[in-house]
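Got some structures for you, see below.
What follows is a pair of complexes built around chain A, which joins chain B in one and chain C in the other.
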Partner chain A sequence: MKPTDVLVVGCGLAGLTAALTAASRGKTVRVAARGAGTLAIGNACVDVLGYVNGEIVRGNPLDALGRLPEDHPYRIMGTEAVVKALRFFSRLCDENGLDIRTESRENLWIPTALGSFKPTCLCHPYMDRKSLQGHDRVIIAHMPWLKDCHAQMIKTAFARQKGFRDRELRIVELAAFGGQTHRNLTPLDVARFVDTPDGERWLSSQLANHVAQLDAGLCTAVLLPPVLGVERHREIRMRMTRNTGCTLAETVIPPPGVGGLRIRHALTQAAARAGVQIMENTHIVAARTQGRQCLSLVAENNGRGRELAASSFIVATGGFLGGGVVASPGKARETIFGFDLDAPERIEDWGAPDLLDAQPYARLGVKVNGRLNAITPDGDARWDNVYFAGRTLAGYDFASEKSGGGVAICSGHYAAPRC
Partner chain B sequence: MTDIAQPDRCIVCTTCTVMCPVAKNCLDFLGPRMIGPAHQRFRLLGMGEDESLHYCSNCKNCDISCPCDVPVSTFIMRARAEASREKPPKFRDWILAHGELLACWLRFIPAVFKNFGMGFAPVRLLLHALGIARQAPLPAFAAQTFRRKFKSLSQPQNLPRQVVLFPGCFVDIYEPESGLDIVAVLNRAGYEAITPEGFVCCGLPLVANGFWQNARQNARRNLEELARWTDRGLPVLTACPSCALMFGKDYAEYFPDLLPRNLSPVLVDVCEFLTGCMERGELSAPDVAPGAATTGDDHILYHAPCHLRALGAGLPGLELLRLIPGLRAEYADSGCCGISGSYGFKKDKYAIGMRVGSALFSAMRQSDAKLCASECGTCRVQMRHGGGKQTLHPVSILRRWLDGK
Partner chain C sequence: MRAFRVVVIGGGATGIGILRDLSMRGVTAVLLEQGGLAYGTSSRFHGLLHSGARYAVSDVEAARECIEENAVLRRIGRHCVEKSEGLFVLTAEDDEAYVRPWLEACAEAGITTEAVAPDEARRLEPALSPEIRQVFRVPDGGIDGFRLVWHNAMSARRHGGQVRTCHKVTGIESANGRVTAVEVCDTLKKETYRLACEYVVNAAGPWSGEIARMAGQTVDITPDRGTLLAFNHRFTSHIVNRLHESADGDIFVPHGSITILGTTSARAKNPADTTPAPEEVLRLLSLGEPLFPAVREYRILRAFAGNRPLYTPPDHDAGRSASRNFVIVDHEKDGLAGFVSIFGGKLTTYRLMAEKMTDLVCGRLGVATPCRTAEVPLAEQPSEEMLARAARRLPAHRTQLVAERLGDQFADIVGGLEKSGGSDLLCECELVTRAEVELAAGDEATHFLHDIRFRTRLGMGTCQGSYCSLRAMGALTEIGAPFAADAQAALRLFLQERWRGLRPVMWGAQVQEIELGRAIYGSTLNLNGGDDETD
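Our next item is the complex of A and B:
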């Protein structure tokens, strides 16, 4: 197999961003993917930094980067790199038919399936709580035939929020589509139906009918689970907004989150067009190195190895979930190159008692230098042409910080020009 | 059935169900997560089977998308085998699973009569009654199988190297021309092709339709035959990604006790082999074909079969096409075509298959490419049927260009 300029391992948010950045700079790129990447089940939002040490980050999350520890990936890359990466990503989404951006560069709060709000930074702009509160009336679409769809819970939670006190909150029930099934339907099933002309008509006419029965003159928003299409989301939302005369907003939900699939679809389409070849179901198991250079990575191939040679390598294999990092009692290891990661010796020190607290194990990963090369305990680069990106990196806890998407995009985008 | 993997490696992330083309297009199917690892727990307790087991098309997108290496499709195929022991599969499934045997029985009937028969409305109605969709694009029998044509083929003398070719049932029975294209290109690269009689159907359609023991017998014969050739140090090539997947991955998961200890049962993808030939200088890329630009044949839309993607070897067919100077090969990237071997021919699955393939069909219609390419025989059938454009194996396209057509 012909060597490429860059070999990216992993096709989640970090891997795809890295691949597309490298391709946009004229490099030949191959992606080795094991699994579809966590992006496929996520939501349409990119968290940059929601909390530091348990404190909410209000305003521009970039202003809070200075409060992070020095070995945090954001601190290693620097604010300017973060700004550039987010801009690149928003433009990429826009070019591929998706509005995932920040209007104010400030953290905003978007509604969840439970009626709570979570901080994020880049998202569909109409998901912002402020935008919802700017309406006189919020219609909450109820689909009782759908899993995890609890309109009454959303209404109750909204009613407690100051910004919604004098707003009219109203639940409307939507009729089910299709016939009987013993399967649990999720918003993804609806979104895929809405992607078809029949489905779009089905949803649009129901919403328009409900709205027509209400007093006119009130500025109205409709809150739905993420059902406004997957592959044709932008045009569908635009047409339905016109048909109903309302702002249409969506909640973020537990997997499958629909929005992440929208992003994945946009990025893989862009990759196909850019000539990036994604090798699916390819398990990279080892590396061939010579001194401080990596020559190739070895893919498992029916008991034999298949060597994938490149000039540079970006490792975006994910953490424990993606298989980039594995743990055994008292030990953690990077899986391709096989080096040990700094980890507490006593297993009790891996976790904090409160599940929702920051967790020490969540920060386990590959320690890197300013070029995102893995470093030895002495601080020297292990290999000069291998860069680490995304959740494989040490020093951040994406769940408690709400920083997963941001670090993934920024490290992918930061690593690629160094190849 | 020993050595069945345990389901607990599954972390219930739902990625497989999100990526499953059947779950996407058929709400009656519980999806690979439920029918695979989740239901496996009930099976281990001897509890009943779910009614939607039969919807799985064995396209393997679950295995491709799983982050935790859960053998999802293997759970499902083993469950289907178990279910078939209690309730034997339909006669329709027997027909679709035993294409090789049927072709053998019908070999004395001239193809023109067979094809007239297959195209004859009352016959299609009969098949429809048996459960083979009337609208489905059943491929026509070739006048002579690839193996028979191959016997009377004279390859150039004194070729310095040899390879073994496992043609796969589709090329053998329905599309021998693409097999001949492969032999011609191999010859040009300096290889004499050998097509052994000892190989039989890889067994994938047998597994997919519940004929586990038949598949096991085929696997045993094929592994013995494969060892005979690999012992001689000869690479064994195939043009069919599904056969390659069955040998390379599925035999080990379905019939681990049949695998000899030191053999990794690999069939080499013919496109990968030929890109290697080009890199080694054994085969030089064709010159820009004169006049090709004016025919519009210089733009090819390439579709990657799911089983090729599951092999984890990238898209060598696309790479091969991109090595042809003056040719623009575009990747359709539109997911499964919906045929999944015998699945899309079934009366109760035809509409699902067509919905699954609709993204690919519209990509074909929207593309200005007049010619499409894909390695898998039944994908090509479905693409011609749904997308309405001529579709060839990448090596057939390479041969056209090498011949200056």
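Our next item is the complex of A and C:
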């Protein structure tokens, strides 16, 4: 196999963004993908920064980056890089059929399956709480035959929010498609059905019927689980909005993701167009290095190694969940190059008492310099042509900060031009 | 006005066994529990139904009690017993000289032992170490402590007994050297009231010292902490014991889809000190290696700890050398009539302990009705008709599972399953249906999602609540369960308890699970997020 300019490992948000950025700059790019990454189980929104030290970020999240610690990936890359990356990503999505916008100068708060709201930066603008509250009536679609769809829980939680106080909150029940089934149906099953003409007709007529029974004249929003298609999401949403005369909003949900697959679909389409070669089922297990240069990465292939050479390498293998980092008692290790990460020796020091507070373990990862090269404890680059991006990076806690997607996109976008 | 003749304090196996026994003998009784049923030691152990072989050498009397009660529980509590056999295994590290006296002591106690060739044992349990030297089969079994307590509670209620959970005893009143009443606080309603009674039974386990102090009495107990590990698969189908003198980390007990490794023994700081420490976990893993060399490779679900209420008279040590026998103290000899304490013992002998205590109380109350708890099953067998109806709603293998879980409430469940959506699976790891969750939610002793977990095993499987707790809260909101009114607060509480068990085992696949859980509840659902638009 001919060497490429850039070999990206991992095809989640960071890996795909890196690959597309490099390709947009005229590089030949290959992506080694072990699986679909955690992107595929996530939602159609990109969090940039929702909380700093447990406090809500008000105003433009980009203005709050300076309040993060110095070793935070955003601080290492700088605000300008973050702005550029988000712009690049948003345009990329738009060109590939996905509305995900950046115009807002502050975080949007979007509804979750639990009825709570979470701050995020890039998402479909109709998902924003303010947009929902701008309607006289919010219809919450209930599908009792669908897993993880709890309209009553959402309604109860909404009713607690000031902004919904004078709004009509109403639950409508949608009948199952295809009759009784013993299968557990998830929003992903429905979204895939809605991608088909039959499915779109089914959902559109269900919603239109319900809306027709309500008094007209009220400005109405309909809140659904993410079921408005995966691959044909944009056109389906447009047609259905027209047919129902309502604003359509979707919740973010636990896996299986629908929104994440929409992003993945848009990015892999873009990759195909840009000539990026995604090699599926390619599990990189080792690296061949010489001094401060990486020569090639080794993919596991039926017990034999297969070497993939390139001029530069971007490692976006994910964190503990994705498999880029593994832990043994009191130790953590990067999985391709095998170097130890800075980790507390005492297991007690890995966790904080409250699960959802900032967790020390969550900040474990690969420490990098300003070029995103991994560094030794002395601060020297380990390999000059290897860059790390996404959840493998040290210094941030995506869950408490709500910063996962942002760090992934920005580090992928930031690493690529250095190749 | 006395509504009850006896107040039982403590909602573990001992207390609930006493409530059942008293109720079956026609004595009006109420049980007060500060938390929920089986929140304490009765759910924080390895789940072994002892054959007695573990105690045969050190305490033949305790061993004999075990084997007798083992047979009784298989009869009356078959829904709670898993009929896995036990193996005692002499590993490369154990002293061969222990084998003969152990075999003799087992024979003396009436515990059958049967030699199994090591090769045959390895055929039965391929994960066992190739270096094992001798193996014996014994009639150990598995027992579900949560279910045992709940089934006892349901049986007690049918006989008129009352259970009040989230009721913390705040005082014990007496007059002229005799107990007159218990002062108790309903911690949910934040109301304190008096319950007049003739007898108070202190069965508060590791808390029994505190209860006794309220009555101006002392009991010699030391809370002794035992830490255990739950693994996320069943790598052994037999209960596997080290064949040596009782020590830490020498038993593996399979339960449903998981395996438990126990136990350590160390003095607890206080009765509520049940947070496991990482060094105990690491020690358990090294102690477990001679039996299962790959034990470090297996995924740990969680670590947990419970406090044994060990009897330690002033001249005795706590820990392993302390007696596992139970003790009944009648405080009348110390100047307070109508107050009795029970502690020590093992879950396996809970019924016998309850019988002895109830004999004493009934004797004093002048009640001559004999004990029948050894004969009357805790729950009736479900009828063929009900099983057939349930089988139409559930996959075949789940019908029996549901029948055993719910005991006498199976008929109610079948009704629930037949309703639309009733057979939907809310917990996919432990196969718990919506109907079961709704039924458990409706029980007057259910105040938290944890109570539903104990009743149904929801959230106890591989995902440790990552998926099912949200789903359960959704279902509970739909039926308007009071504790689901603030679903987000209820979820936080539930996940936080799960987190307590994960924190000491933060490596390997557990960290992956934690990362996923935080992605769902932190990143996606923003369960912790301050949101200033919520009142």
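Operating definition for what follows: the second predicted complex is superposed on the first by the 418 of 419 C-alpha atoms of A that agree within 3 Å, B and C clash if a C-alpha of one lies under 4 Å from a C-alpha of the other, contacts with A are read in each partner's own complex, and residues count from 1 in each chain.
Just so we're on the same page, a residue touches a chain if its C-beta (ideal position, glycine included) is under 8 Å from a C-beta of that chain, and two chains touch if they have at least 3 such contacts.
Keep in mind the model is a prediction, meaning the values are calculated, not measured.
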item: Partner chain in contact with A:P255 - chain B first, chain C second, else both or neither; value: both
item: Partner chain(s) touched by A:R242 [first = chain B, second = chain C, both, neither]; value: neither
item: Partner chain(s) touched by A:G178 [first = chain B, second = chain C, both, neither]; value: first
item: First, second, both or neither for A:I347, with chain B first and chain C second; value: second
item: First (chain B), second (chain C), both or neither touched by A:T38; value: both
item: Superposition-derived comparison: chain B or chain C, residues of chain A touched; value: C
item: First, second, both or neither for A:L321, with chain B first and chain C second; value: both
item: Which of chain B and chain C A:Q277 touches, first, second, both or neither; value: first
item: Partner chain in contact with A:D189 - chain B first, chain C second, else both or neither; value: first
item: Partner chain in contact with A:A113 - chain B first, chain C second, else both or neither; value: second
item: Chain B and chain C contact sites that coincide on chain A, given as residue numbers; value: 38, 255, 321
item: Residues on chain A engaged by chain B in the complex (per definition of touch); value: 1-2, 30, 34-38, 40-41, 178-179, 181-183, 185, 188-189, 192, 255-256, 261, 268-269, 272, 277, 279-283, 299-304, 306, 318, 321-323
item: For the chain C and chain A complex, residues of the former touching the latter; value: 277-278, 282, 420-421, 424-425, 466-467, 470-471, 473-475, 477-478, 484-485, 487-488, 491-492, 495-496, 498-499, 502-504, 506-508, 511-512, 514-535
item: List of chain B residues in touch with chain A within their complex; value: 11, 13-15, 17-19, 24, 27-31, 34, 51-52, 63-69, 248-249, 252, 264-266, 272, 275, 279, 309-316, 318-319, 331, 333
item: In the complex, chain A residues that touch chain C; value: 38, 42-43, 47, 50-51, 54-56, 109, 112-119, 129, 144-145, 147-150, 152-153, 156-157, 160-163, 184, 252-255, 319-321, 326-331, 346-348, 350-351, 354-357, 359, 361-362, 398-400, 402, 404
